[in-house]
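Everything below concerns the one structure shown next.
When the chains are written out, they are named A, B, C and D in that same order, and each has its own residue count from 1.
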């Protein structure tokens, strides 16, 4: 069955996403990476729903897509906010508070 | 092919118990109302939105009361995905009251900072709505939805002071890490769905670990899901966002995050643990044990170093979270399940009261001192005895000193742990005992400032306390004292039987 | 368990009346100092009135039973009730706490330590009173724990706000020590509850009620008992304080204001020893037997160690503080014998030490007020300048070193005696060794107390203080305006009861023993006492 | 109680005085309270209470004694008065009047208070009451104008109360009570003039030293109580504190030997402390810092004999514990013997007249202990009796000298000499008492001391008989020296009328004068010009007591004049308890609140003495069978010769040295070496002369006295004094290094450690989002990995 390959693809995407989140300093890129993870999740859900023969997975995936959109909206707004206040979106410069 | 799956499912609209979801409906209505009102009132009368928000919260409490007294105690909808039972009601009430207190706290703060009041309260209400939904969710999807529902507004609230770099930073950190965590959690959820073939917690519970054997995928899924909420409750090592966010966000928002959203995280955790994977305790018990131990320890140790009161409270709330986690670490062993659930619920209630109270005092004082440093509290007792005593009460309660609320919470936690009676249980009990002593190190330090230090640069102007803050203070202090002196009033909440479907039932 | 339930409101009244006073005082403006003093004093007196009434209504022929027994539902879920009762063991301490509070209030009338603010000071004292009284009457572990903890904060602030130079360090130390102990104690309590619940016969409902635990505690396995006892031991031993948990005491005592020291010495230290005789030992007889030799060892170490500590002091108040370590050592020695004689001695010793050391702290406070120093080296010839105070000091020193005919002796002597033949099952030789060491301890006591008395009271006054005194000190009538006035009226009122009690109990100890003895017999039933 | 009366009537008469002897200590106790509260307001500053109470007690005591005599006579007339001379005799048993009321009980143990009246108790009661009365009268004059006149009488009266209470104690607890009260009063009275550093030091030293001994008292009481309690409870129905119970237990053979021995040793340690026995005697001479009346009452005649009294009171315990009956050396005699010699030798080297008397007291107490230790019970008790009179007299005389003769000085060498003409009465009484003390026939001392020595030898303690005899010689010698220095030879210093203000004692006393309460100033003025008038006889208030005591010092001995046959041995007849077995009624005789041991004597009473045959069922006895030496003039003559030798030789030496300052003999001393000095001790008086001047030379010349003195000063005194210092130093070290560093450091350290680790953790909180994320995911991955592994 093909589901295994889908799952593998999902896993790969997940890892790439994780790498992106941890490695990239650019806020937008990080957002993108997170989107990757979410999509890997969607892939998983769809593959599983096919394997389990239930629609729950599909529904779940739809919810995730919808909410992810909202999330990204908020995220981009914040990135803009940062950019307006400090003319950069490099995350490693965000260290006003520590300790 | 997938189309054929859809075809095979017959569609019938689910029965909806409107009484059961009345609170959510009220809140939703309230949100719309505020948005509308906000559009039409002049800048000078924006305060109306605040009072509206408050009324909405209280209004949402009414159906909860009616539900509580109504005879049919458990109401389920969408074949068990959305449940209103004693447990859910208790926590919904908690969220609403907490939300109300936060509104009280916010009123002057937001007004004087001329922030966008209407939006502020809208978002606050939205977040509270998400929490209220969380209390009833018994399904991966609904849990996820509720989680995002309460988180996303919170991200924005954290970054509310647009011009303030700290606030921005707080928002962004909270946002990125939050989203990251929920992504990881989602991956875990997908795995769980894959192995069990259902998103309904009770079914997952019954299908997971059919006589105990299960593979790495289940373990992975469970771990990732637990981590998702460990992040919400800012358990070490998933706490890193909390101090920065708490410090950067507006203080009322911090209060909200440290109480309400943390409580929401625990609610989800409890639901998952009790309903979702009651038989998989081999996975989550040791995990939560470690989380609890290091959370309370690190939280305390780091708190000892802080000089900023808000940041200190952030760490203190982290270590308190460790204490709340403690009973869950034994929730899977025999008789301990009941007391553990009870301990968590009681702890959440008490913690809400005393921590909100603490923030209320801090807000009131900082209105005068204009500083977040602990040293700015010096001599508070001498020039504002009432506030000094109140702060002492809340601090003592946080430190768990009888007869204040905090002690019964801690007591419940210890009781639950010792009920389990295993070696690990005793170990964490001792760790908790030692930590409760260490904790006094910094609580006592604040008391010392308040009582024994002279006021910095002769600051002795009497503190003016706005009526809203007075209300907030009185609510919280009454709660703190009442819970402590007559614990019977809350100990009755959160009996295991009320949590429908526990142990796959 | 058989109890007398009539008039079960008495104890609650006696315990919570001070809180009523606190509520009233909350509404008195801070400026109205006289008024708040008055209200506080009246409250304390009223409380004492209730105490006296309790005394009159107490059935001394049934001192072994719990009287004025009240039992109300409190925290049903954890099966802990509001259970209070009074028997011969707790009556003396319960009453003592009330008396001490009243007298301290009187003393406070013109001795409010800096930085003033009598309102807060007295409110804290009233809360303390509630905590102390409650601890002695509570018959439920959880209730006991709550009251046990209630006294912490007021004392913390009393030391920390109204104390001496090192007050913040001392207060924090005091708090952390006690908190540490009580945390473990709480764990032990809960563990005890569950273990006992496991061992209960059919049909008996588990609860934290002390009488019930005493009844069934013996059912526990030995190792379980030993561990639980260990937890309680730490909790109580810190409070007593026993060597090596004692180091908070000297600082706390030295830094605390006079009133604080008096209450601390007179009552608070007794909470720990009371915990031993009321809870730890009766509930866990097996473990008690295991621990007794070690307790005894620590006790005698404390006796000698405390005495050495005293000899090393140059500060009068600190010396008195260290003497507490030694005296509580005698008390613990008596307890560790697990014999009725030892227990009686211990409880008598608690009261006696409360009276005597409390009195000594009063004196130290007054000396400080007059000479503005407690450096023994700088004090001299007190008998010449303020003879009455000097002689009172001598009297208390004599009482404290266990002179027969004064209260101190009846705590010390029987404790030493009882160590010769401890309860069956305890190593006799060991305890006889303890006996000899403890007896040597009395010599040390004589040494440091008389040494103190000789250096401070005898001899010629030091030139720095000799001003304005030309032998008229003998009449205490030097009107030279300096602080060297003899005992004043408030001090007389506050002190006379102490002095009388010291003599009366010394001359006729039966007064207390006949109350204590029956209750002790019951408490030690498990040892065939 | 009435049941008891009835039982008592069976064999022996009792009477009001006997039944109410417990009033004797009560009266002074009440008087003490009166003095404390009203003393200052009374015309005579409270002294009247004291004097009155003492006389009242005296009357009661004498009355009780009289009725006791009748009781004994009655008993013996009823019973067989056949008393076979010699080896051992057994008088008819006369039960003591024991009345005991429950004082307090604890853990089933009953602590009683009451009275135990028998010959011994009555002897002491009479002596104490009598001497106290006289001393108080004496003090009226002697202390006049003193700053703390009232305090003085208060303490004095309290002392009498304590002592009397101890003497008639029916049980150990009451005995300890009185014992400690005496110690307190001793402290207060020695330190009466506490402005002087030295005085308060002496007071402290006295109390502390005695307290060291008291450890033995507590421990011993404990041992005896727990060993005896069960036996006494079931056989006599009294607690193990009860004295007669303990005696019976000790004699019953049921007692464990180890318990007896350890108990006896422990108790004797207490006696060593209280009665100033070697090695704890060092406090007694220093105690002379107190006013003279105090020295004469507490530190010579009454308080210091408490130790002796205790041994005599619990004699069966010591008899059995120390095996006095069948050894020829034991702890008690050893200590007693050493004390006699050491103290006597020290008495030679004193300048202070009171110190001479003090050492003499120590040595006499040694005699008493020696007697008790060697089984000469009656002789020892009799010596208490006689010694009280002449020693009190001596002290009062010394006081009188300093009061009127030497202007408040006690220094024989500086301020006395040739006072015999100026103070005839004082001198006479002094000389009489001296002779009595020396044991010159027929004065009191002879009958008691000689009896002791005689019996010591008779009971097989021959070595110690020698010690006793040499002690007699030394006593005679040093007393003669003191007498000569004080009353004969040429007058020196104040005795010659010089007025030198730099004198210590004088300064002290003046000081008090200066501080005296106003209305005493007049009296004080009168008081102060003694010096101006020069030496003269003291006023009546002082001389009358002196004369009374002197008279008694002459006749007291006849109370037990062994030489004149057994009919003269009244003391023995009335005081010595019978050693015969008696049937005891069980505890049933004890009424509510009081337990009475009333032995029914006559019917079925055995003739054989106790501890010579095994007892029958239900029979006990309260006293061991002591054998009495038969008086022989030959032995008496020997000791008399020795005494005479001492007197004469000492007298000759004094004349040689003090009147004719023989230069050529001085030269001899330079030529003398350490080695030769050793054996010339008793003969070479001229050698002695030169050595008086400086301590070192004398020490070289007299190894023994040097050793004694050195031992006394450096070792014993040193120990007592340095124990405090050392302890303080040790304490200081412990306090600084252990308490403050280790134990405390642990506490503070933990806090620091916590904060430190907090600091370590802070870098984790770097503030960088990516790092946070990494942390988050790393933790997640690790957690997941572990769990996956352990769960699959």
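As a convention for this text, a contact is a pair of C-beta atoms (placed from the backbone, for glycine too) under 8 Å apart; a residue touches a chain by one contact, two chains touch by 3 or more.
Only a predicted model underlies this, so the values are computations on that prediction, with no experimental measurement involved.
If each chain is reduced to the average of its C-alpha atoms, the one that sits nearest the average of all protein C-alpha atoms is C.
Each chain gets one centre point, the mean of its Cα atoms, and the points for chain A and chain B are 25 Å apart.
Separating the CA-averaged centres of chain C and chain D is a span of 38 Å. Separating the CA-averaged centres of chain B and chain D is a span of 80 Å.
Taking each chain's centre as the mean of its C-alpha atoms, chain A lies 99 Å from chain D.
Across the assembly, chain D contributes 751, 762, 765, 767, 769, 773, 777 as residues in contact with two or more other chains. Contact with two or more other chains is made by residues 21, 30, 91, 94-99 of chain A.
Along chain C, residues 176 each make contact with two or more other chains.
Chain pairs that touch one another, listed by label: A-B, A-D, B-C, B-D, C-D. If you check the complex, the residues on chain B that touch chain A are 1-2, 5-6, 9, 140-141, 144-145, 148, 152, 155-156, 159, 162-163, 165-166, 168-173, 175-176, 179-180, 183-184, 186-187, 189-191, 193-194, 197-199, 243-244, 247-248, 305, 311.
For chain C in complex with chain D, the touching residues are 173, 176-177, 244, 247-248, 305, 307-313, 339-345, 381, 383-384, 398, 403-405, 409-410, 413-414, 416-421, 435-436, 439-440, 442-444, 446-447, 450-451, 454, 457-460, 471, 474, 508-510, 513-514, 516-517, 520-521, 529. Within the complex formed with chain C, the residues of chain B that make contact are 342, 381-382, 385, 392, 396, 399, 401-403, 407-408, 411-412, 414-415, 418-419, 421, 426, 429-430, 433-434, 436-437, 440-441, 444, 447-448, 451-452, 486-488, 491-492. Touching chain B in their complex are the following residues of chain D: 751, 754-755, 757-759, 761-762, 764-765, 767, 769, 771-773, 775-777, 779-780, 783-784, 787-792.
Chain contact summary for the complex, chain A toward chain B: residues 7, 10, 14, 17, 21, 27, 30, 34, 37-38, 40-41, 44-45, 47-60, 63-64, 67, 70-71, 74-75, 77-79, 81-82, 85-86, 91, 94-99.
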